[in-house]
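When the chains are written out, they are named A, B, C and D in that same order, and each has its own residue count from 1.
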Amino acid sequence: MSSVAFVIIAILTLAAALAAATLQKLMHAALSFAATLVGVAALFFLLGAEFVGLVLIFVYIGAVAVLIVFTILLTRRDVGKDRGANWTGALLATGVFGGLIWAILKTQSVAIVAPHMRSISVKRIGEALMTSYVWPLQCVGLLLTAALIGALVLVMEEKR
Amino acid sequence: MSKSVDQIFVNAKQWVLSWLTGAPGWVLQVASSLINIFALLFVFLTLFALMSVLERKILGRIQNRYGPNRVGPFGLLQPVADGIKMLIKEDIVPARADKLVHFLAPILIAAAAILALAVIPYGRNMTPFTIDGGILFFFAVGSTTELAVFMAGWGSNNKFSMLGAMRAIAQMISYELPLIITVLPVVMVVGSLTPDRIVAAQAEYTYGLVPRWFVFTPWGATAFILFFVSGLVESNRTPFDVPEGESEIVAGHMTEYSGFKYATFFMAEYIGMFAITGLAVTLYLGGWHSPARSLEFIPSYVWFFTKLGALLFVYIWLRGTLPRTRVDQIMNFAWKFILPMSFTCVIAAAVWHYAGRGLRGWLWSFFVIAIVYTALSMLLDTQRKFAPRVYRFAE
Amino acid sequence: MIDHLWLIPAVPFAASLVILSLPNRRRTSAATLAVAGQIGALAMSVFAFLSTLQAPGLRTVQNFTWFTFGDNALRLGWLLDPLAAAMLMMITLVGFCIFVFSKGYMAGDKNFVRFFAYLSFFSGAMLGLVISNSLLLLFICWELVGLASYLLIGFWIERPSAAAAAKKAFITTRIGDMGFFLGLLWLYGRSGTLLFYDGGNGCLESAGLAMLGATVTSIALLIFCGAMGKSGQFPLHVWLPDAMEGPTPVSALIHAATMVAAGVFLVARVYPIFSLGAINGVTSSLIVVVWIGVTTALMAAVIAIAQADIKRILAYSTVSQLGLMMVSLGVGGVAAGIMHLLAHGFFKSLLFLGSGSVIHGCHGEQDIRKMGGLRRLMPITFSTYAIGMMALSGVPLFFSGGWTKEEILHVTAHWPVSRLPYFLLLIGVVLTALYMTRQIIYVFFGDRHAGSQHAHESSRVMTLPLIVLAISAISFSVVLTPAWPWLHDYLTDESAHFAFPRLIQPTLFLSLVLVGMGFALGIWIYRKAGVQDRGRAAETDPLEFAQPKLFRFLENKMWIDELYARTVIAFSWMSARFSDWMDRNFWDRLVRGFGGIGQQFGILTASVDERGINAGVDETSVGTRGLGRLMSAAHSGQIQTYLGVIAIGLLALLLFYAWLA
Amino acid sequence: MTPTLQVVLVVSTALFSAGLLAALSRRHAIFILIGIEMMLAAANLNFIAFWRFSPQPQPPTGVMIVIFSIAIAAAEAAVGLALVIAVYRHYRTTSVDHFDQLKG
């Protein structure tokens, strides 16, 4: 795990995240959000979880980001008139950030270096999914089906 | 002899890297990657240039006319002329466009298309980047294309662009599902997401005669056809080119692009096409393996590009032959026919596996596919009777 | 084979369930499924039959526990023996022909799919009945076939007469089934098991029979009640002619070939109970069986002469033939009775399908007096019908019915109790030939009348089953002749061998004479039927012209329905009225009185409630409401406020952590 | 030098706070969704980090959790965006300030 790469990716990711949270235009924010997730996926790669990184790109860029921009498109008439920010919220978020950073820096047990690890193959993940995690997998399948139907029902035209 | 010809590019790369002996590991890694990247870019940009002119020539032949034949011998230098034209054209950006997004869209779309090329094995030991989940990488990168297309449509701030982008995304999302599901049987049978392994699994010959390519199994053939059709849609080619249907919405999401940006879109489309056909060759047509043992002396990359070229020819052929479909027809076709058939392929592959991967499995999986196909065609039959066509002007 | 025997009824059952779930327009699928189910059952029946051939007298049984209560277990089971195998073959083969026929006959019906669902259902239930090794399982299937019969008789529910006939059939057989059920319970009480064969412990085996003791006669007679109801024996025969309201294939399958034969089959199956303690082959229960059979056979034959409806004649003929089978069982000729049952299954379904073809050809006309001259218009139907008629009449040598009937006459002649049944049956034979001759003359000969003016031959899908059944009715006699009595010996576990001299027997000539007499009499009486003759109108029956009163008596089925209406039904009506009156005037008042008391008590408690308890509850709720108002003020409805509060909570936790550290 | 767990945690905390910022300070409903997704991504990063830095990273526990979490987040996003569209149809606005029907 290269430190330089990590720092560069982390900075880019955080910059994109901050842009996603603060940019005035919603579309730009959504695209920054996509960039953030690419960054997170890259961090996953660096942390030795390639499969999850690919899945993250696949699901978030391919599906969630497209969904978000679609939603922006469908609610476009409202996009122009963005209102001022809620400053209390910003203050709170900063407070939480400060508190958490303080807590992390204060905790000594997390100042450790990653142990050596053989890279984890897709095959092992597949086997784990099909053996010890088969019930969660089924539940997630059910959940996704339910979410799909629920989303469809929600956006169906209201009958007059 | 043949071995050294086969490995000539691999050895050349080793030779170049041998200059750097003694450099730190990361330098070697970066150098190796750079060599791969430049090789890829060189090969595929050349192929793109060649394809653009060949397409026009073949289309011309299909339509009973000559293609471009003025620039260079047989018009082969036409792409150079086109390139120069594109480069010196004025780059127009609409005044009310979202400039940043408008600028980023072609870059992203080209990057995604080129990235997808990285995991395909072009020959023996000739995979640019071996990733454990290579197939997943291919689709993950491919899925970003949708976002790029959307950016192009949105950034142009033009109704035609937006409509084209919506159409493109709708059909790309719809066909991404069958695209992935038709890959599943191969992945299941091989037990790996790595393209190298998939190619290696198709190495042998049944009875020393018929190559063990997946296209020669019933499920493989079905999946290959479905994959090919879905790939056609993914790359927005005729007959599924509604997103840029000239007669309806000018040029879809590319309406507001001109000059080099337009050329980039054009290039991305072709490179996406190469990538998807390359994946089809890898998955179903045995990758770089030769179709007969006696022909193994021909280098592996030649075989790969021969197969790729054959598939690309079919693309052009289809473009010259078929009329454009309607949007609702494309959607109906995807959700009512292609998707169920793709699932059937998965089941048929499982049947094939559990029936012993031999002749018995072949027959059983054929049976499964035949049943589902018959049932679907009965269910989906609209029973519409078409009046006999009358050609009034083409007699 | 025995392991998979249950599949035979299961396949038609499954087909029925699938068909029932089909939408109404999938007619082809329904018919195909039903026929496929029947072919499956037929194929498996052939396997079962072949497996019984491997060892003569083989009886394989498979029992299982249905459920246990206390120390007892209720066990059911399957059974495969020659009797069951022969029945399976007959039911599936005839059933198959009739299914195919129905496809043509019901082609125009709007409830086509439902019809095939019911038909398959019936087939499954009947096959289950035949192979069951437990009186309870047999009873369950027995009731299921009853249900199927009810549904199919009333298939054309829009006709009031069909609905009435269905109800009549159901209620009449229910009277018999009541007796059957009582007999079943009694049998279980005495022997502790309902399995027929259970390795020596079944109720039909020596150990089980020994426990029955003196009650055996009563049990046997109660079970016979069920058989009487199902097989249309006097006095419970009244439903069977009315059941002809159902579609003709139903009449052929259920009310001629299979279900009505279930009564005969039942008696044959539990024959050890009937014959327990027999002296010289005679027990008191068997005597009852014989006399009821004789009465039924003769009475039905007589009534059949005066009927005008083509299917009703066949129905009475069925009743009469069932009586004949009962007599045969009663006098000890179990094999003869079953043989006649099987042969009857073939030729009677042939006759019914033939009549269906005639009705179909005549556009729904059922009155034989309005037909005539169909011989030339419907040649295939005519020739097959004639074959069926000869088989039914018992023409010797070539037709299966002749051999079996002769066998029955033979065993009846040697009954030690009385010679009377024998002579009565001889009369019955003559009468059978007579009424069949009458029917044939009316329908196929003479001039065309209103109903047959535009008749046409039926389609291939209907004539093919006729031809198959006709061939069966003839070729079946190969295994029936005394020269090579293969079926007889198959049923009685002996090995058959060929002996040509046995073919010629004195009774052969006797029956030849009797049948000839019946034919001659018929031709003589009805030679001018349907045309005007010496002061008789064309539509008047010659017999009616000669004996109007007798004819009227017979035409109205000996007034038995009216007798029941005056006695049994009138009594039920009276008791119902009485119960109604009691309900209204006595019980109702009693209930109302109790109700009044309750009401008074309610008023009392209500006042306590209102004055005492309510006040306290009111106070509490006012307090709760105030609290709720206070709490709800915190809910602004703004998502971000809620999120912010969560964030504050997180901060508070962090502060708490800092304070701890 | 390689980054320690602490550094990764700081990065994920920053990401989480950015998400919280988007969710708390912006009025547009889609921003809230984006914020929630970012917070989920930060949580996923934490899962991966703790799995990677644990003494035995061989069993893919963290990876599993993250796979399921991504699936659930995708479902959540789909339903959430559908809700936004439905609400927009009804109120003709996507500003969360106006959604106060549940006010006590």
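Rule of thumb we're sticking to: a residue touches a chain if its C-beta (ideal position, glycine included) is under 8 Å from a C-beta of that chain, and two chains touch if they have at least 3 such contacts.
Given the structure is predicted, the values throughout are model-derived calculations rather than measurements.
Chemist: Give the label of the chain whose average Cα location is farthest from that of chain B.
Modeler: C
Chemist: As a quick test, compute the distance in whole Å between the mean CA positions of chain C and chain D.
Modeler: Their C-alpha centroids are separated by 70 Å.
Chemist: Roughly how far is chain A from chain B, going centre to centre by Cα mean, in whole Å?
Modeler: One centre to the other, that is 29 Å.
Chemist: What is the distance in Å between the mean C-alpha positions of chain A and chain C?
Modeler: 70
Chemist: So which bits of chain C are touching at least two other chains?
Modeler: 640, 643-644, 647 - these are the residues of chain C that touch more than one other chain.
Chemist: Counting only residues that touch at least 2 other chains, which ones in chain A make the list?
Modeler: 2, 51, 55, 63, 70, 86, 88-89, 92-93, 96, 100
Chemist: If you look at chain D, which of its residues touch at least two other chains?
Modeler: 20, 23-24, 27, 97
Chemist: What are all the touching pairs of chains?
Modeler: Listed by label, chains in contact pair as A-B, A-C, A-D, C-D.
Chemist: Quick one: which bits of chain D touch chain C in the complex? Just the residue numbers, please.
Modeler: Interface residues on the chain D side: 20, 23-24, 27, 32, 96-97, 99-104.
Chemist: Which residues of chain A touch chain B in the complex?
Modeler: Residues 2, 25, 27-28, 31, 34, 50-51, 54-55, 57-58, 61-63, 65-66, 69-70, 73, 119, 121-123 of chain A touch chain B in their complex.
Chemist: Which chain C residues qualify as touching chain A in the complex?
Modeler: On the chain C side, the touching residues are 640, 643-644, 647-648, 650-651, 654-655, 657-658, 661.
Chemist: Help me check something: in the complex, which residues belonging to chain B touch chain A?
Modeler: 26, 98, 100-101, 104, 131-133, 136-137, 139-141, 143-144, 146-147, 150-151, 154, 162, 166, 169, 173, 176, 191-193
Chemist: Can you name the residues of chain C that touch chain D in the complex?
Modeler: Touch residues, chain C against chain D: 631-640, 643-644, 647.
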